[in-house]
Amino acid sequence: MCGDAIMLCPLLGRNLEILRERLGAPRNADVLIRRFRSGAFESAVVAIDGMVNAERVNENILKPCMELPEQEGESIPPCERVSFLMERAVSVLPMKMKENIDELVADALGGQAVLLCEGCAVGCVMDVRGFEKRTIGRPEAEKVVLGPHESFSESIRTNITLLRRIVQREELTTEFVTAGGAMKTRCALLYLRGTADEEMLTRVRRRILACSYDFPLTTGDVEHLVEEHPLALIPQCVRTERPDRAASFLAEGQIVILTDGSPDALGAPATIWHLLHTPDDATLRWQVGTFLRAIRLIGVTIHLLLPGTYLSILRFHPELLSPMLLTSVYETGSRVPIPVYLEALLMTLAFDLITEAGLRAPGALGNALGIVSGLILGQSAVSADIVSPLLLIVVAASGLGGFCVPNYALSVGLKIAQLFLLTCGALGGFYAMGLCLLALLCAVCAMNSAGSPLTAPLTPKRPGNRDILLRMPMQHQKARAFFAKKHE
Amino acid sequence: MNGIKRAMAGLLLAGALLLMTGCGGQEIESSLFVVSMAVDPAPEGALRVTVKALSGTQESGAAQPQGSEATAQGGGEAADQSEPGYITLSATAPSCLRALSLLGATTPRTLSLSQLQEIVLSRTLAQTDAALSILREIHALYRANSAAIVVVTPDDAGDFIRRQRALLGTRLSQYLRVLFEHSADMDVIPPNAQLSAVVAAMESGTHDAAAVYAAGSSGADDLLLRDTAELDRLPGHLPRTSPAQNEYLGSAVFSGARMTGTLTGSETALLCLLTGRARTRSTVIGGAQYRVNLPTRVKLGVAPDGALTAHIRMSLTLVAGQGGESAQEIAARIEQDAVSLLRKLQAAGSDAAGYGLLAVRRHMTIGQWESSGWADAYRSAPVRVTAEVKVL
Amino acid sequence: MPRNMNNQRALAAWRARACAAAVACGAQIFCLGAGIAVPLGLNAAWLCALPAVMLAALLAARARGVRASLGAGRNMERLRALLLCAVMLFSCLLLLAACVSLCTQTLLSHARVIHCAALTLLFILLAAIPRMEGVCRLCFALRLFLPAGLLLCMLTLLPRGAVSGLFPLLGTGAGPVSLGALCMLPAAAPALMLLLPGGEKDAGMLPRPGFFALRAGLGALCGAGLLLLPALFSGYEALRTQSVWGARLRLSAVGGGQKPLWHMALLLTQFAAMTLGACALLCAAEEAFSLAFPRLQRRRSGLLILAALLMAGLRLFSGIGYEAAMYAAPLIALPVPLLLLPAGKRKRKAADR
C-alpha cells in the first residue's frame, strides 16, 4: 500500500523516497539512484557505488531500457512492467522479483542492482556484483609439499565456484542462509543430497538461523554457533582454507559452510581425527602419510604430557631418573633460586610470548625475534642460573610438539590442557596428572559435533572410512565417513 | 542445566587445586640421595648406619659443612667429605630406620634411598638374625631401590664405603653400577644379590640367599690368600697393585636369615652356572681359553630317593692355547667341582642353588610343604652331578 | 534416521557400556582379591578369584534379560533402582578406598589419607559430569590397551623363575581358598550396571547375552590375572607378613626394582583401571538414582548427593581403616536376588500374555 514502509507500492517516486530514507541518501554518497525513461514509462535503478559492476549496469540494464521506442510497453499493465523490461530489454542472467523493501535494501547493500518501474509494486533484483576482491591465492596455514595450491577467498560466490569445479555432481546442493540480526551475513551450506544426513543438516541450519548478533560474522563465529560445547578446549568443527580439502569433506558426507567475507570453510560434523589430519597425508604415499601422522601423534603427546611429567618426576618420583641424570639435575637444580614449578610456568609463558610476538611482528622482524629470544635470552637465562638447562629443553621440545598440531585452535586448546596437567604434575605427581587426564578424556569422549561423537569412529565404534589414525592405502578406504547416510 | 554443569566443574576444579597443594611434593634439593649404605654393630645392641650421599656440589671437601654422628643418647663425630660431590654421614640407633631418620633430622634433608646402589653389612651382623630385620626395614620403604646390591664384608662396613671412590668417570653411583654389572658378567658375584631377591630368599623356606662378599685390600681375610683357581687369583692378587681399595671376592651364602658360609669367585661362577644365570662366554680350563657356544643347559632336580641331581650340558670352542684336556676330562672336572660346591652349600645349610623351589612343587598346600622337613632332608641328601661337554 | 543407523548406534553404545562393566569388574576383583583373597589363600589368591569371574559373566548375561524395567513408576521398581544405586555406590566406595590405600603407599606416600581421598573423589566427579557416555567410550577406547599394557609390564618385570612363587598350588589349602572364593563373589557386582536401560529405548536392538558375558568375563579375568602378581613377585612367605590392604596391593606392583619405569607403568595402569571402574560405577549409581527420583535428574542433584555419601564413607573409613570397608563387601551380595528375580518373573508374565 502507498505509505507502507515494508512493501513496495506502485508509485515510483514514493518507492524511491523510501529507499533514499532507508539508505541515507543524499548524505550517503554511495547510494546511486538513476531514473530513466524506458519506452512508455519511467523506471529507476538503485545500487551502491563500488559494489556493482558499472559497465554491466550501463550496458545490460540502462542502455537497452533507454533505447526502447517511446510507445513500447504502452499496452502492458503497470504491474507487469518490470517483467516486460526483463523479457525485452535487460540482459542479466541471475535475477529475482521481490516486493519487500527490507529484502531489496539488503540485496542492494550486497552489491545487487534493483530495478523499479512506475505503477509496478514489484522490483527486480539483478546480480551485477562487481566489487573489488582478492584473487585466488595460496593457502597460508595449510601448505603442502605436493598438491593443489589454491585457497578460498573472501567472496562466497568464488568459493562456491572453486568447490563446484572439483565436485561436479548433480547432488551438490548450495543452500543460502542469512545469519545475524540487524547486520546480516550470508552463509552457504553445501552438501551432497543423499549423502549428508538430513537430521544433521536441519540441526546446523537451525543453529545458524537462530543467530541474532549484530556484527559481521566470520567463519569462527559461525563455528561457535554450530558447535555443541562452546566451553570446550578443543574445536568441534574443522576449518580449512583449501577447496580440495573441503571437497573431501563433502564426499565424506559432511556439510561445508561458507561465510561471505571469510576465506575459509567449515566442515561439520567433524571428529578429532580431522583436526589431526593434513592434506599432505592424502597427497603423499600412504606409508609417508602414516609416518607423518605417527610423528604428529608423538608431538601431541609430548606437547601435552612432557612438562607435567618432568615436574612430577622431579618433585615426587626422582627414583625414575638414572643416577647420572639425577646427579646432573640435582647439581643444576640447587643453583636455581626459584621453585621448579614457577620456573616451568615462566619458561612456558616466555615460549608462548615469543611465539605470539613472532606471529604479530611483521616479516623479517619476526624471524629476528625468534633468533634473539630463543638463543640469546635462553642461553643468558641458563648462564645466569635463572633456569635449568634441562627444563629449557623440556619446554622447547613441548613447544615443538605443539607446532606439529595442524589445527591452530586445537594446538591452543592443548596448550591450555598442558598447563592444567603441568599444575597437576607439580602439585600431585603422576597420580594427580592421571586423574586430570581421566577427567579430560572423559569430557572429550562425551563430546559431540553436530550430533556425531567427536572421538568416533574409534570410540564409539562406527562403520565407515578406516582412515583414522593410520593412513590406509586407497583400496582399504571407504569413501564416506560414518556420519554419511550410505557407506558404500 | 549447562550452568549447573559449569558451576559444578568450576568448583570441583578449584577444590582439586587446593587439595593438590597438600600432596607433599618437594623440591629436589630438599632430598639427600644416598648412594651407599653400611650397617655395623654398635655397643649395647645398637646399629651404626653410615651413608654416602650426593652433596649437590662438585667442589672438594674443605668448605663443606661439618656433619654429625647422631646417637640416640647424644654425642657426635665429624662427617667425612673426602670425595668431591659426596658426603658421608653416620648415625647410631637401636634400629636401622631410626638411624636413618636421625640422619635426616641432623642433615637436615629428607633421606631418599631411591638411588641406593649397595647395602654393606658387616659379617658380624650378617651372621645374626639382625641382617634380615635390617634388610626388611629398608625393603619396606617403597622408594628404596630394591635393586641395590647387598654386600657382606669382614671389615668395618662404614670404612668399606668410605674407601670407595669413582676410579673411572666422575660419578660414584655410575661407577658402582658398572662395577656390579661387570662383575655379574664375569660371574664372580651371585646372580640374585639384589635387595628384593635377598630379602625374599631370607624369608623363604624354599631357597636361600646369596649376597656379594667383599673385603678391603688391607684386610687379612683368608680368601685373599687362596690362589688355586684363576678366578680366585684375580681378586686375591689385585689388592696389592690395584688402585681399588675394595675387592668383590665371591658370595656370602645364607641359611635362612643368617650367613653361614662364603664361596670363592670360581665357586660363585659355578653357582651361576648351576642356577642357569651364567653370563660369561669365556672360560679358562687347563691353561686353554674356551668360548661357551650355546646357552648352557642345566637341569636341576630332586630325585625320588631325595638326591640332589644336576645335569649340565655344555658346548665349548677352543679359542686360545692348547687344549690339553679332552671333553670327558673337562666334564669330569666340572662334575667334581659341582659336587664339592653343592656339598659345601649343604654343610652351610644353604640352598642357594634353589633345590627347594623344585621340591615344593610336589606338595599341594603350604602346610604339607612346611611339615615335610625339607631343611633336614636337604642337608643329608646325596648329590649326583652329570656333565656332558662337547669341545669344538 | 534409518533404522540400520539406529542399530549401529545402539550396538556401539552397548558395546561401550559392556567395556565399562568389564573394567569395573576387573578392578573390583583385583582390589578385593588383594584385600580378602591374599590373606586367606596367600599365593593361591588367583584361584579364589575364578568363581567371581564366572559369576561376573553370568550376571552380565542375566542383566541383559531383565533390564529396562527399573524405576518405571511403581514403588517396587523404584526400590529396585535404589538398591541398584546402593550396590553401585558401595562398589565405587570400595574401589576408591583401594585406590587411596595404594596411592598413599606408593605415589603419594607423604600425603594425608583424607587429602588423597578427597582429591580422588573430586576428579572422579569431574569425570562423571559428562555422564555415563564419556567414561563408557573411554573404556571402550582402552579395552585393548589396558590388558595389553598390564601384560607387557608383567612380562617385562617378572624375574626369572618367578613361576616358583605359584607353588604350592593350593596355597593355604582347599578350605581357606574356598572361603576366599566365597568372600570374593561380591566382586562381580559391577556387572549389574548392565541392568540400567541406557540411552537406547528399543529393546529389539539389544545384543545377545553372550555379548555381555564375554566382555564382562574377560575384564574380570584380567583382574584375576593381576592377582597372580603378588605370588609371582613375592612368594607366600612375604604375603603372610603384610597386614595392610594397601601393602598387599603394592605387592602387585613391585618386584626386582631394576626397571623403575616399568614399575611406574604397571602402577599407573592399575590406577587407570581402578579410577575408570570407580567413575563408571559412580555414573551407574547416578543413573539408578535418577530412575528412582526422576525429578532430581535435571539438576544433577543425584550426583551431588552420591558424591556427598561417598565422601562421608571415605571419611568414616579413613578413621577406622579401609579394611573395614573391605570386610563389609559381602553385604553387596544381599540385594542381588532382589534385583534379578522379580524382573525375571515379570518378563515371564509379559511373555505369557
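General remarks:
A, B and C are the chain letters, set down in written order, and residue numbers restart from 1 in every chain.
Keep this in mind: a contact is a pair of C-beta atoms (placed from the backbone, for glycine too) under 8 Å apart; a residue touches a chain by one contact, two chains touch by 3 or more.
Bear in mind the structure is a predicted one, so any value in this text is a computation, not a measurement.
A simple rule picks the central chain: find each chain's mean C-alpha point, then take the one closest to the mean of all protein C-alpha atoms, which gives C.
In this structure, the chain pairs A-B and B-C differ in their number of contacting C-beta pairs, and the larger number is found at B-C.
Chain centres computed from CA atoms place A at the largest separation from subunit B.
Averaging C-alpha coordinates per chain places the centre of subunit A 44 Å away from that of subunit C.
Subunit A and subunit B have centres, each the mean of its CA atoms, that are 65 Å apart. Rounded to whole angstrom, the centroid-to-centroid distance between subunit B and subunit C, based on C-alpha atoms, equals 40 Å. Residue positions of subunit C with contacts to 2 or more other chains are 108, 116, 119, 123, 126, 129, 260. The set of subunit A residues that touch two or more partner chains comprises 316, 319, 428-429, 431-432, 435-436. Those residues of subunit B in touch with two or more other chains are numbered 16, 20, 23, 25-26, 143, 145. Against subunit C, the residues of subunit A that register as touching in their complex are 197, 199, 316-317, 319-320, 428-432, 434-436, 438-439, 441-447, 453, 455, 458-463, 482, 485. The residues of subunit C lying in touch with subunit B in their complex are 42, 105-106, 108-112, 115-116, 118-119, 122-123, 125-126, 129, 159-161, 164, 167-174, 234-238, 241, 250, 254-258, 260, 298-300, 303-304. Taken together, the subunit B residues at the contact with subunit C in this complex read 1, 4-5, 8-9, 12-13, 15-16, 19-20, 22-26, 142-143, 145-148, 194-197, 199-200, 203-206, 276-277, 354, 357, 360-361, 363-369. Across the complex, subunit B meets subunit A through its residues 6, 16-17, 20-21, 23, 25-29, 31, 33, 35, 54, 56-58, 85, 112, 114-115, 117, 143, 145, 171, 173-174, 177.
Within the complex formed with subunit A, the subunit C residues making contact are 1-2, 5, 8-9, 12-13, 15-16, 103, 107-108, 116, 119-120, 123-124, 126-131, 133-135, 137-138, 140-141, 260-261, 264, 268, 271-272, 275-276, 279.
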